[in-house]
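A, B, C, D and E are the chain letters, set down in written order, and residue numbers restart from 1 in every chain.
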């Protein structure tokens, strides 16, 4: 649930090419997709992954699934003239989402979110999983790295294959945009699920007094905090893409403006959920406080009425030899009368104070 | 109550023309109003909805009620040369309020608010309903889209028909301003109702201890949060209209400045209500805390006085064969005296501590 | 207490001249004061209220008491060439404090504060009353509107009449400054009274436990919130006056800088009072929490000691035929001894836990 | 403790020379110090207090102790060509710390802090006293005003007299810097004392449960708030001194940068103390909440065990003629057994819930 | 735990060279390292510590361990032409992290963090220790001061000695970067430990109800606050290094951008831990509130059921001579029946209210 932290050994020189994620054994897979308005070819393997020449395809997209093979990633880095610090960031799955512009390419890091439903000890909780996505945008090429083979880019790849809409008509900058847009769509999905959970919690809380409310609020808050941590840098990232040197056309700029708008929408929905869940806990505490008052009121009423009555009963249960009242014939009914009077007076008092 | 969320399928290409609201069956209605200082004509139907030519009327206003008919909206989009992303936003009733300038038109999204009074389980709550309004301002024309036929624009339309004041003297930019101004007036109405409710709640809370206070505070807060979410982007929207390229005249600028001022006034009233309702809950909790202290004080006094007395009574109710005190003739009055002393001492102690 | 809200009918065209305050019957009064270094004349009535000509007096000040006579206000507006939106704002006593510059005059709205002491249900509360003041500054003239005849401008008028200090030496811009300065002085008075009330509350709260503390804190907070709402826009207003085109001389600029400084001082005092009253409630709640602990401690001690002892006494009050202990001669003193031991052990335990 | 407020009569014209502090009788004292690298002369009295001529000393420092003699201060103001608003601020000991630049001099107001230890009702509290310091920096002269004769400038005066370090080598701007630097040093002292108090409170709070904790936290918070109010404007003041026209040399700029750094250090220490004292109260409340739970747990355990047992004992203490159980020989031991079972079951239940 | 404060005597002139840390006796050690692409020499002692001449080594790094020897530090300061204020800051181990640019060198102060695990009274707490590091970057030389001999620079020194990577290829600016980068790596370590502790606390808190939770939260919060205080100025410091005049090459700029990114990552992790620990306490308080309700519910149920029953039993335990019920043969079973009815009715009531 909590994001894993960077495990870099403090003594390492900056820019050293070392893989810093968990150990993985599966082979990394490189898919090279060349396309343009007139057609598309797909090849798999490192040998095809070179920057396109002057008479190459309109767009070459090299997608790398898995970043634990340092040699392959370094090799790609050299072919595309990437800075050692870029390689270091690609190899470290705990990098921070960001955007950096280098003289002839743009380097973006973003997080692909997934939400896992976990049933644990009668509580349904959600586990936010994030996978790191690196996107490098150059002239005529896009280089992408995913931590593991997954569906992060599947929808975009399908659109490019089918050639629907403007997918193949536009350049590498539009591809980079479309990939980030796909990631942002996942944030909508994740937030929708969390918002539904907040709403469900709200219904439960306002109707009854669910035992696990504070715990469930705690878990959802943690999820929202995590999503927020991933989302905030995205705004800066897309801003950098918009400025992005001469690499981004005016046409794609309009789409990026729309994307910024979507990210703000996600961000607002996130803040709304955070507010709602915070308000929920406040309301719950206020209601709990009212219940505590009610409970203690009932206790106080019961004790304040019956303690004096019991004392009187106890008094005349004493075995002293000389207790003249015990002999009076009308003493018992008189005492009962006194008791009724006391109880009545106390009840009247409580009613006056508004406790009944 | 909670705003519906965007339901876009993550795999769709951006700019795809698909209706994303709830299913609707009624036909969409197009009203074309041509007017200038000298007169006004109104026509209904798609065929009349074209951009005005050079010798056309001073202002052509095309109002579309309902956006669920994709074909009609796309057709209009093509006639007026709208960007596919504009069409996508028009068709999605869950777009975010915003303003975007395109080369030859300005695109605004705002929300038309309505407040529904709902009586539910002895609690009066308010339901904030929002309907999306799209306004496109070009040279000599204004194109508006409403989610459903309603009264959002009725007051302005009436003013234009009657030709009162400067309604027909001024251009399309003034019409766009007047439409947004009408929406802002509804925010005043909504906030007035909510402020009255806050005030009523305050009166009740400070006089008595209404059972449902936390719940009602919770519901009002949610309403205010929703209104705020709709209102905040309006400020940016009007700012964009003020900058709005060459489309807005200096004369209309003054009116827009006045409008900005109104929006700030709504915003301040909103914040004041939020503050008031927050302070109300704080005060309620503080008063509840005081009551808890009072309740527990009474309980403690009752128990601390009667528990020892009852113990003494119980002691002399024991049946031991050898209890010499029981035989002493003055034992009973002496014990009564001791009990009075104990009660008196405890009462004095409580009075000294300020509990009585 | 709560500021009245704008009651504009949503369907009205902007810039329509309609009075939006409460109904009033008294006649509005127009005082025209012409003055310069050499002398002063005062006239009353609309006919004298014209902009001064080139050979007119150094400064013409037209003061209007009451704004409910639409005709008179509109007439004045036309004579001085005011924009319809200015007239609309003057006629609406619920306008927001602001400053707007028009080509040849500056338009300022501010609020004149008054604090009314109200004794209600044994609680002293303060009612913040605000009256709207409009100031229009042109070349050689100042036009002022007050909601009702009052003392808002009396001190300044007196200074001008007497001709003390630099009152008559300087131009219309200095008069506008002096009028606003007079309003700011009232904020000092209001805040001084409220600060004294906060201080008094603080003394009471730290010494004893006043029953009505949360309620009184609530009322003062509301007053401070209201003053703040009036004060904040004043800073912007004075800033606009400082920039104010060619209408304000360098000499007056120094006075305006001083005035800004005063407003900041009021603002800091306001924030200090808000902080103090907030801290007061926190401290009160913390002290109340400590009391609750003390109260419940005493209850727990009393109950935990006497419940077992009473049980033992009850046990030997039973009437079973076969209860051999009852016959033993030393049983009674032995039981008393056991009871003393139990009480002593419990007392020791409570002392060890620090409850005694 | 609370800062006294400005008592200006609202009707006074701005720039009127009136003393607004408390009444004082002692005579004000004027010390004129002329110095340069080669020597120093000190004179006392108004007659020596004139701006230095072209062949005057390198630096003339006129220090005025006491500002309640309006005539003397006005006289000085005229000699040095001060603006009436400067005189008004000098005479008002409740002015706000600030910096203002006039054509040929710079005007600074700062506060000299002192901390008084007060023992009141078994609580040690600190009283923050502030004295107003005005510094006017001109070409070759510095004019200073203190509310009362005190040690605010003693350390600097001593350094100038002795001529140690660069004290006499540098110009009037360095003297102004050194005076402000001396004031800032006192803020360090004040904050050190308050921080020590916070630390002592923290030790007490985490070890035991001091009765007066909320009250003492309240008092320290008020002190810190007061220091903060004095400190914040100092940053702006020093910034104004840094910009300060042509009056400040590049050499002194370095020292001012160092001073800004010191003020930020004070400010950070202040915020740290504020945070610490806030966290302390939160922790105290959380611990108090835990204690309340413990106390109520013990009460609940005692009552839940002994109430049913006492009821059973009471049942068999009844005097009904026909209660066959009373005659059974094994009834008494059986009842004792039942009581042990009930107590055991309840204890097991409480242990299972983790209450024991 | 709390950072020590500056102990400067207020009367000292600014720029005075006085050591302001704790007294130390060990000798200070000066290590001079000359290196370039072709080789490296290391010498120890003050005599070697001179700025490199035009034909000197590529980089001269003078590292001073210990700053309590005023004479040596002053001597070094003169050789390298440092400003007296720089010397004052170097000698004061309580300086604030900052960056200052002087005409021909850059002066940086940062803090080297260490985390000590302390076991105290059954609680594990962490002690944040900070050591001051001063870095001076000139043309071709770097001068560093550490409070005490330690491992702050060991990793970098080792890399330079071995000549791995680009350590020896680059200039003095890269060395300065590498030293700061080493410090930042320690912040990662410290935060990782604290985050683990927060996570452990979270596990404990959500599973059970650890007694010491508020205290442990308090201690961790204090640690995080301390780290934050050290970290925040680092961002400004690195920013100053990035601007750093002509002293920093474009190549090193890229590394500094990466470093800024790391500091932001540390900062985000810090804020995440602060949020998490705050949320933890909120959740704990909410859970404690629920427990209090449960505890008081049980008490109320027990008391409300058994107090009336005990009263009835006490009633028929009285010894009045005339109590006819006592003689009725069916009175005892009838009373038992009434008691069962009362208990049943109360239990039903509690079940209806949801307390059972």
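Annotations
The rule is short, and it goes like this: a residue touches a chain if its C-beta (ideal position, glycine included) is under 8 Å from a C-beta of that chain, and two chains touch if they have at least 3 such contacts.
Everything numeric here is computed off the predicted structure, so don't read it as measured data.
At the interface between chain B and chain C, two copies of one sequence, fewer than half of the residue numbers in use appear on both sides, so the contact is built from largely different positions. The rotation relating chain B to chain D, fitted on Cα atoms, amounts to 145°, rounded to the nearest 5.
Averaging Cα coordinates per chain places chain D and chain E 26 Å apart. Multi-chain contact residues of chain D (touching two or more other chains): 289, 292, 296, 299, 303, 307, 310, 314, 317-319, 323. If you sketch which chains touch which, the chains form one closed loop in which each chain touches exactly two neighbours. Around the closed ring of chain contacts, the path that opens at chain A and continues to chain B reads A, B, C, D, E.
Note for the complex: chain C touches chain B at residues 2, 5-6, 8, 10-11, 13-16, 83, 85, 88, 96, 98, 100, 208-209, 211, 213-215, 217-218, 221-222, 225, 229, 281, 284-285, 288-289, 291-292, 295-296, 298-299, 302-303, 306-307, 309-310, 313-314, 316-319, 323, 325-332, 335.
Those residues of chain D that touch chain E in the shared complex are 155, 158-159, 164-167, 178, 181-182, 185-186, 188-189, 192, 195, 199, 206, 254-255, 257-259, 261, 264-265, 268-269, 272, 275-276, 279-280, 282-283, 286-287, 289-290, 292-293, 296-297, 299-300, 303-304, 307-308, 310-311, 314-315, 317-323, 354-355.
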